[in-house]
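In the two assemblies presented below, chain A is common to both, partnered first by chain B and then by chain C.
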Partner chain A sequence: MIFDWGYAWDILPQLGRALVVTLQATALGMALALALGLVFALARRSRYRVVAWPAAAVVEFVRSTPLLVQMFFLFYVLPVAGAQMSPLATGVIALGIHYAAYCSEVYRAGLEAVPRGQWEAAAALNLGRWRTLRAIVLPQAIPPVVPALGNYLVAMFKDTPLLSAITVVELLQTAKLIGSETFRYVEPITLVGALFLVLSLISAAAIRWTEQRLRLET
Partner chain B sequence: MTDTAAPLLRGLAVTLELTAAAGALSVLIALAAGLARASHRRWLSWPAAIYVETFRGTSALVQLFWFYFVLPFFGVALTPFAAGVMVLALNTGAYGSEVVRGALAAVPSGQREAASALNLGGTRTLWRILLPQALPAMLPPAGNLAIELLKNTALVSLITITELTFTAQLLRAERLHSAEIFTMVLALYFAVALCITAGMRALERRASRGLERGAAR
Partner chain C sequence: MIRLRDLHKSYGALPVLRGVDLEIPAAQTVSVIGPSGSGKSTLLRLLMMLDRPDAGTIEIEGESPWRMTRNGREVPADERHFRRVRGKVGMVFQHFNLFPHMTALGNVTEAPVHVLGLPPREARARAQEYLAMVGLADKADAYPAQLSGGQKQRVAIARAIAMQPKIMLFDEITSALDPELVGGILQLLRDLAARRTMTMVIVTHHMAFAESASDRVLFLDGGRIVEDGPPGDIFRNPRLERTRRFVEAVKGGTEAAGRGRQ
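Right, the complex of A and B next:
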């Protein structure tokens, strides 16, 4: 059995439509991860132990357990708890929480790299803590860690096939469906692999480019 | 409660087996690919680069499905367990090879020069001079990869290997206590991850003994 290019060409539009779902899940998941990750990072730095300690525990727990199991947990437990939502929404939440834990570590590194003097100078200027954070510290903390966050964007993109396990018809699930209809698995699954490879390599190049730009600016 | 715990523990044993088998294999792959990629000979470094970029650039689950669904069409039919171990090892090995390459590159070049001044051969320089000094720098990222590997073993539940996650799915279909079952499974994974972290810390202390660079703790 060899690779049938004509057949591969025929199924490409179908895979293209599925790719849209994959990209949607990635974009929404990353938006959630970026926002929630910052909350985790700030909570972990809090002066109050009742805030800092649970945040640290949650981050460690989420980072040490499989995304697939977290996804199943949300998929089966949320409806019982009274929160009905689509499989895609559940998957986006799972991706968002999982990668928020990773992003929070990146933010933390960025926040720690801002010199203490910045906080002190802001206090001397009588800026409030919240304003200092928003106007002084975050604008200095976040740009240097953008490439690291970008790496997690690529990692999340590569984790979206897990959504197929909770019945979301994304790229991999579509390939499997095509395969089970036509009994030809070679072309659909190989194409999915190739699509992931091409998009990952492009994103990696984009991240390197941003990294160089940032280095030039500083 | 006990009739839930027993199958979960059997599933956990399979998960540990998968982690250990794939982990051991991935160390060998990482060393081979890392050394090949750092080599000056193109016929070694190019195939290694293609392997590493392919496995790092695609999704682990897609790789798993490719090995499980596509390889049989080329006449290579693997059992689910063999396909699982192969993919987990190849995937982890690809990331590991970058760790090996980075750590070797970080050994000061004077060490290589001194070894060649002492007329040590290439293999001997590698095993007696370079690797022992690169090892302390490799262990912390290797620990992270071990945790990633443990987490990735959950994926093989999707090709019907009865490990921890698949057992949980079976139990859920049977008893419907999803929250309890998946909470226990998450706790078990977390416990194993803590053990791996503790083990790697001990290894790090052991490996950095007597070295100034990357000293203990």
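Right, the complex of A and C next:
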């Protein structure tokens, strides 16, 4: 079997357009995961059990069920419940919630690493709970966990092909479509792998750079 | 003005305070001495409202931080009431607890801007004055990691003073310092006490300091105030044998006692 470079070059633009969808899903999904993960982490630490317990239950549930099942659930069950969304939006929400559960554990580790004395100093200065969190605790809790959050960014990126299962035409789905039209799978699938590799390496480098910058600032 | 009535506090099964009654009038400087585990730090934590007493009452200027009256009935305090009372008290900690991601100036301006609502420009000007007062006029832009222990504690003192509390608590603030830095911090405390602008409650192992700088000394043992009087009485003519023994033991090895607990 020979790898046809000319053919690979021809299909690259089509894969590039699909890559935009993949990147979109990753960026939006990660934004959701970062925000929602922090909400979960804070809710779990709440002194009110009616807040802490449901948050803990959601996190454990999401972490204990497969992402693909969650996607199918959102894709097939939500419309029945009356919520109509595009497949991409559904996918973004599924990725976001799934990774939010993992990110919340990372945030939790970061929050727990902030010494109790910091909270107490803030209390002695009569800072309110939100100001303490926003200005004192989070700026110390988050920089050390950026690498761990970054790992989930890469992991999520690599999970985006699952979106093809709910009809999102992302990178892998596009490669399969190209293959089924031309009966040549080697080039499209190989290119998909290569694109994932290159982008994963780039994001890993970006995370390292962010991490270093954060370390220099403190 | 502080008024404590029959204050009790346990951590788990361990009773730490077992009935503390105390009144401290405004602007008095009180040193609290006593062996390790006698409840000195716990007393300060309750006064700072970092912990809640199991039983008994705390009044700061006539108000409980934990209870309030509404429509003539006593009810649990809401956040607003709690913070109003808490704002009357400030504290300096053994381990400084500076905010490591903020400069010295940032540490001193954070609460005045975000709690008292001072305009940032004014808060910075005042913070510079407080930093100058503690001898760190040139360290405003330094981060805590760039400061020595003594300098950190000076920033922490400036930070607490910037909130202009009526009552200031000092929890073994020289215990984590190298010996050569202790004198300077104690002198700063003396200067503050001499101004008579705040009630000061100082937990310390420095008997000479307690004797010369305070109006009054409390000796805590086993979670109770067992002796309470002017420093001359406590140090030279104690009522109890165990007070005398404690004072002598600590005087014999001030450094060891002062630096032993980390």
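Note that in this section the second predicted complex is superposed on the first by the 207 of 218 C-alpha atoms of A that agree within 3 Å, B and C clash if a C-alpha of one lies under 4 Å from a C-alpha of the other, contacts with A are read in each partner's own complex, and residues count from 1 in each chain.
Methods note: a residue touches a chain if its C-beta (ideal position, glycine included) is under 8 Å from a C-beta of that chain, and two chains touch if they have at least 3 such contacts.
The structure displayed is predicted, hence computed values, not measured ones.
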### Clash or fit (per the criteria above) of chain B with chain C on chain A
fit
### Query
A:Val80 contacts which: chain B (first), chain C (second), both, neither?
first
### Message
Looking only at contacts as defined up top, I'd like to know whether chain B or chain C touches more of chain A.
### Response
B
### Task
Examine A:Leu125 and indicate which partner it touches, taking first as chain B and second as chain C; both and neither are also allowed.
second
### Task
Please work out whether A:Gly37 is in contact with chain B alone, chain C alone, both, or neither, and reply first, second, both or neither.
neither
### Message
For the superposed arrangement, tell me the lowest C-alpha distance between chain B and chain C in Å.
### Response
23
### Residues on chain A lying within both footprints (that of chain B and that of chain C)
none
### Residue ranges of chain B touching chain A (in the complex, touch as defined)
53-54, 56-63, 65-66, 69-70, 73-74, 147, 150-155, 157-158, 165, 168-169, 172, 178-179, 182-183, 185-186, 189-190, 193-194
## Note on the structure
Per the touch rule, the chain C residues reaching chain A in their complex are 48-50, 79, 83, 86-87, 89-91, 93, 95, 97-101, 110-111, 114-115, 143, 145, 156, 159-160, 163
### Message
Quick check on the complex: what are the chain A residues that touch chain B?
### Response
1, 61, 63-70, 72-73, 76-77, 80, 158-162, 164-165, 172, 175-176, 179, 185-186, 189-190, 192-193, 196-197, 200-201, 204
### Footprint of chain C on chain A - complex, ascending
115, 117-118, 120-121, 123-128, 131, 135-136, 139-140, 217-218
